[in-house]
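Okay, handing you the structure first.
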Amino acid sequence: MDYLVEGFTKAIDLLINGDASTWTAIWATLKVSTCSMALSLGAGLPCGFLIGYFDFKGKRHLRTLVDTLLSLPTVFIGLIVYAFITHRGPLGEFEFLFTLTGIAIGQTILAFPIITALTATTVESIDKELKLTLVSLGAGKRNILITCLWEVRYGILAAAVTAYGRVMTEVGISMMVGGNIKYHTRTITTAIALETNKGQFADGIALGLVLILIAFIVNLSLSFLRKQ
Amino acid sequence: QAENKSLMMATTTSTDGTGLLDYLIPYFTKETGIELKWTATGTGKALALGQNCDVDVLLVHAPPAEAKYIKNGYGKDRRQIMYNDFVIIGPKEDPAAIKGKKISDALAEIRNKKAVFVSRGDDSGTHKKEKLLWKSTDKPMPDKESWYLQVGKGMQATINVCENKKGYTMTDRGSYIKYQSQKDNNAPLTILVEGDGILLNQYSVITLDPDNCPNAKYELALKFSSWMASKNAQNLIKDFRLLKQKLFIPNAE
Amino acid sequence: MQTNIIYHLKNIRHYYEKTAVLDIDELDITKGSITGLIGSNGSGKTTLLKLLAFALRPTHGDIFYKGKKEVCFSPSVRSKVTLLTQTPYLLKRTVFENIVYGLNIRKDKTNIEERVKTALLNVGLDYQRFALRKWHQLSGGEAQRVAMAARLILKPEVLLLDEPVANVDSQSAKLIRKATLNARDQWGATLVVASHDLQWLYSISDRQLSVSNGNIFATGFENIIQGPFEKTDKSIVIKKLKDGQVITLKKPKKVSNTAIIKKNHLFFNLEEPINKSLDNQLSGQVVSMLLGEKSGHVLININIQDLPFTIRLVPDQVSRLELYPGKKVILKFSSADVEWT
Amino acid sequence: MQTNIIYHLKNIRHYYEKTAVLDIDELDITKGSITGLIGSNGSGKTTLLKLLAFALRPTHGDIFYKGKKEVCFSPSVRSKVTLLTQTPYLLKRTVFENIVYGLNIRKDKTNIEERVKTALLNVGLDYQRFALRKWHQLSGGEAQRVAMAARLILKPEVLLLDEPVANVDSQSAKLIRKATLNARDQWGATLVVASHDLQWLYSISDRQLSVSNGNIFATGFENIIQGPFEKTDKSIVIKKLKDGQVITLKKPKKVSNTAIIKKNHLFFNLEEPINKSLDNQLSGQVVSMLLGEKSGHVLININIQDLPFTIRLVPDQVSRLELYPGKKVILKFSSADVEWT
Amino acid sequence: MDYLVEGFTKAIDLLINGDASTWTAIWATLKVSTCSMALSLGAGLPCGFLIGYFDFKGKRHLRTLVDTLLSLPTVFIGLIVYAFITHRGPLGEFEFLFTLTGIAIGQTILAFPIITALTATTVESIDKELKLTLVSLGAGKRNILITCLWEVRYGILAAAVTAYGRVMTEVGISMMVGGNIKYHTRTITTAIALETNKGQFADGIALGLVLILIAFIVNLSLSFLRKQ
């Protein structure tokens, strides 16, 4: 119990005079999550839109597939990515293994289905009248995409926030692909896992609080996009 | 009744990972009728679990930490059960040319050559031992050096990183054998330094101090620790083979 | 001649799932004309307008636009044809942004504000009061009119209006009427307008089409008698009204449930008889008399029981006949003059 | 007496954000009456109906229902008052489920199917064709009528209808009218109806309220002249019409922008002059004449330029005056007879 | 690379003549995830509805808070729960530690914010007219709740599916609270983590595939709730 309190004080201590390792971990986390979010949004929004906006046969099966991808275990993704980027693997020469890039790739795979599934659902809820209106106002395919996503912006925002939470907190990929190398590929979450394994629960809590603080700041800035 | 005939143990990944427990415990249950469950974690967490009385008994390998643990009154009657030994492994090419050297010289070489060395860096028994070895080179513990990678992972994962980084690392023999077997015996990493006395890796059973943890099943724990020390169990340990190779050498008094 | 036909529909059949809702063998709409669509609920007006807007693909048949067969999204129609939907949808933005949306799509940036001002003025909304309102801060009629403004500002070749004056007050209806005519006169727009406000529709359209369960007759304001009819002998069918009066009609060739009686086949008892057997003599009451503002004609609505009939006269005819709402009259027509669809 | 006043509104002021949209000092609605709300877009009809439905809480003031002050969700109004919204929303279910929804809430399970059948019939929809349709498989007017049926089936004490016949064809409008009157006669429902179809509204309501930017006059079909007015001297204000005609009005006491001229203060040139200085003499044209189906009166709409005036006469008056749509007439009234709001 | 193929065959093998430990792991996973989903839905749907349906001051801040909770790392949750249910902890006497119940508690905490946030967003998108209609039809508070959720059922479904994916794939809680005890609290994900740690990548992949298969079956059955 008491280590919760201890962890709290430690968290403050970390932030005020945090050691290099903490800062590098924070930095790594930010870099990786930002990158993977950018990628997964770039890919997921259009896919989600297409699935949600148009009616085509096999649509429901596609949805089922995407929903299933929501249940990809991070370690599993880690293993897959590892298989490709290990020195023996087909992409070995790029030397993505034990790099933040590698982690970002994995996390993109993790976030993509979330963005896609939630975007599709939100877009599906769009009023038939809107589609009609856009077409009748002479909107082209691109206009329609952008306008529709903007009309359901709060849904999209929710999708992004959810995916962000998933990416920020995942351990499996960072461990497997990043290697949790101190000062290099150690992220906050892998650090937490490590400290916990060491039995340094207080430090685990402290790092956890730091992570949550970061998430809070991000969400706070996003919340200004919300309906006033 | 069966409820209090069951025992909870915290142990280290190596005992579980090598499959020793899966091999050993059924005998224990058969002979004593005590069901034993175990959770395999880092030594540090294992000790912490004991300290919070969440388990009844510990099987760990970090003598200095254990001593401190008992001194703090968390644990009681530590009993040596067996040991295996650590080895330094590295690429066949052996860039730092440490093959056959004394352990302290070997590490010194690695430091001079700035050859990649991969460390568990997770405060596990193995990691504690490694730090001990670095101390024996009477140079400061490497930390931020670019060639010194602290991965903070289990042994296999660490060996894995080591292979990919073409570096050196220290591992317990069991884990190495397991790794070797997966590469069906043409592994890029081979044993370069071994047999040094300081490389021994002592496993002990520790029962929790009933004063600290009244709820812990002290009696059963004692039964377990004495069974582990018994002739019978020791023989079983002696006969335990992982891929036709001895792993643990029993040494209970 | 051919050149100024802007729409040509051929063998259009439209189905929702299995149910047929539109069945048009042929329909031409000439450039710069204002066509009114009349028809009961569910007769197919909206569906037709969606087809004309190329927002819906007909199940069968082709639509030719300026002689070329066109489909959804083809650039030659996309920014030329615009539709005001029956329940207008406003984007979740300000009124201003809603109105300029179409312009932005067309990359048209020239003195926007002025044009929005006039567009709003054309539908009777004040720029100052409304431009910065959010989409949900409008009353029903205001929303309708904003949507209208968003269409007018585009100055489209074809303007399709689905119930533009439902929810709109009479003053604004006048304005919209003006704007509509203006669109035709100013930039030669072609309009197709569906409305249940017959007087209003009559006052703007130069040609009326009645839509009756999926069929179209290019003859507005004719008197349509819907079935069921009772067969008596081979040659005629009859429809009994509540008060016991009976309408007799010549039997249709092919089965049909919709009979049409042209205005010019209808006569008043007050008029001097002519050499023709007017075997239908139905007593009813004048319920309303409307001045068709464009034609100068007067529309006279007469109820035979709850069966509505419409006759079109010139004002002095009306005064000669001394008609007024509430006056009892007898309508006569010959059972032979019926047409079946 | 007091007992049969069902609604009593006191000092109601309603604001959206900062803008005032409703300002009613006092308003009573008697039990079993049918009240018509007339007013231009944005005048506040919908807002008023929402208040009466207790779906919106007035910014200031109280609403008494049967003498008790009531608010949202209070059980004594919840299942008694029901509102047909201006743009009816159908639940994402079948038509049948939509209609029985209200009954399910009331745990009312007695021969549902029969009642749904009749409810649909009352709005002119065929059970077989529509009951199992999905909510999105309806035309605009059909949806409107389904929503209406969903209200009628509840047999509520108070039925508030916001534009019930917008998007509805004339036949169905008649049916809805019948259903409305029926509701009053059968189970003594009190109705408040907002509509822009004056003829229709006039044909069902026994009392009309005009709503004009938030104010209410308990006098229907009066002639409202909206500003701006020009001040000339202290005693009068004038409004110039496009064709140069001028309306002179006695200056209002407190500032006001809305002038009312009561019907009985309006006179035709054709009528014999009476001892009164009718200093306003405006020439206009009769545009329509409608028979008020309940009262048997005839509503005569006259346009002075685009300023609409309405006069109410009995049929034989009309015939005596030989009025007909298109006829030019002169309207007279005294500048003293103006009332300001 | 090759262990991917091997893993595939192993997966089939596992399913055909799977050993007891696999089956217990599958069983444990199903029990735990079902239980935590039930709890988090029961709590999350009403909360999400209240936040989404009503306008109250501080609403945006509440949303930000919930969104932040989306970024709770599983290990962190594990530590918190552990702190309470350890023998030393306030709830020690219930002996939830190293039990599936313990895991379920943690996973509920994990899923709750996801359900709440996504439900709130979906409910917020509800048409004003609907609210008005319901009130005017005499719907009580409970009717309104149920009807509204039903109106946006596809959004709710998406929320549930997303949360389910999160719960199915989390490792941190199961490890920390469950202890990954063979035959007892070992779930598929902890098993994957273990195998991967042992370097048995093929087995990791195999188990991962099993997990995904389960998720697929679940989503397939859900997909019949979808719009046809």
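Going by the order they are written in, the chains are A, B, C, D and E; count residues from 1 in each one.
Simple rule for what comes next: contacts are C-beta pairs under 8 Å (C-beta built on N, C-alpha and C of every residue); 3 or more make two chains touch, one makes a residue touch a chain.
Just so you know, these numbers come straight off a predicted model, no measurement behind them.
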Review point. Which neighbours does chain C have in common with chain E?
Key: A, D
Practice item. Could you compare the number of C-beta pairs in contact for B-E with that for A-B and name the larger? Key: A-B
Check your understanding: What whole-Å value do you get for the distance between chain B and chain D if each is reduced to the mean of its CA atoms?
Key -> 88
Check your understanding: Cα centroid separation between chain A and chain B, in whole Å?
Key -> 36
Study note, to complete from the structure: Distance in whole angstrom between the CA centres of chain A and chain E is 17
**Study point:** CA centroid of chain C to CA centroid of chain D, Å
**Key:** 25
Review point. Going by the touch rule set out above, which residues of chain A reach two or more other chains?
Key: 86, 196, 201
Check your understanding: Which residues belonging to chain C are in contact with no fewer than two other chains?
Key -> 87
Revision key, fill the gap. By the touch definition above, chain B meets two or more other chains at residues 153, 157
**Study point:** Chains grouped in pairs wherever the two touch, ordered by label
**Key:** A-B, A-C, A-E, B-E, C-D, D-E
Point to revise | Touch list for chain A against partner chain E, complex | key: 1, 3-4, 7, 60-61, 63-64, 67-68, 70-76, 78-80, 82-84, 86, 88-90, 113-114, 117-118, 121-122, 124-125, 152, 154-155, 157-158, 161-162, 164-166, 168-169, 171-172, 176, 188-189, 192-193, 196, 201, 204-205, 208, 211-212, 214-216, 219-220, 222-223, 226-228
Revision key, fill the gap. Note: in the complex, chain A contacts chain B through residues 20, 86-87, 97-98, 175, 179-184, 186, 190-191, 194, 196-201
Study note, to complete from the structure: Listed in rising order, the residues of chain C that touch chain D in the complex are 16, 39-42, 46, 86-87, 137-142, 145, 162-163, 166-174, 196-199, 285-291, 293, 296, 298, 306, 308, 315, 318-319, 322-327
Check your understanding: Within the complex, which stretch of chain C touches chain A?
Key -> 50, 53-55, 72-73, 78-85, 87-89, 91-92, 101-102, 105-106, 150-151, 154, 160
Check your understanding: Any idea which chain E residues touch chain D in the complex?
Key -> 127, 129-130, 132-133, 135-141, 143, 147, 150-151
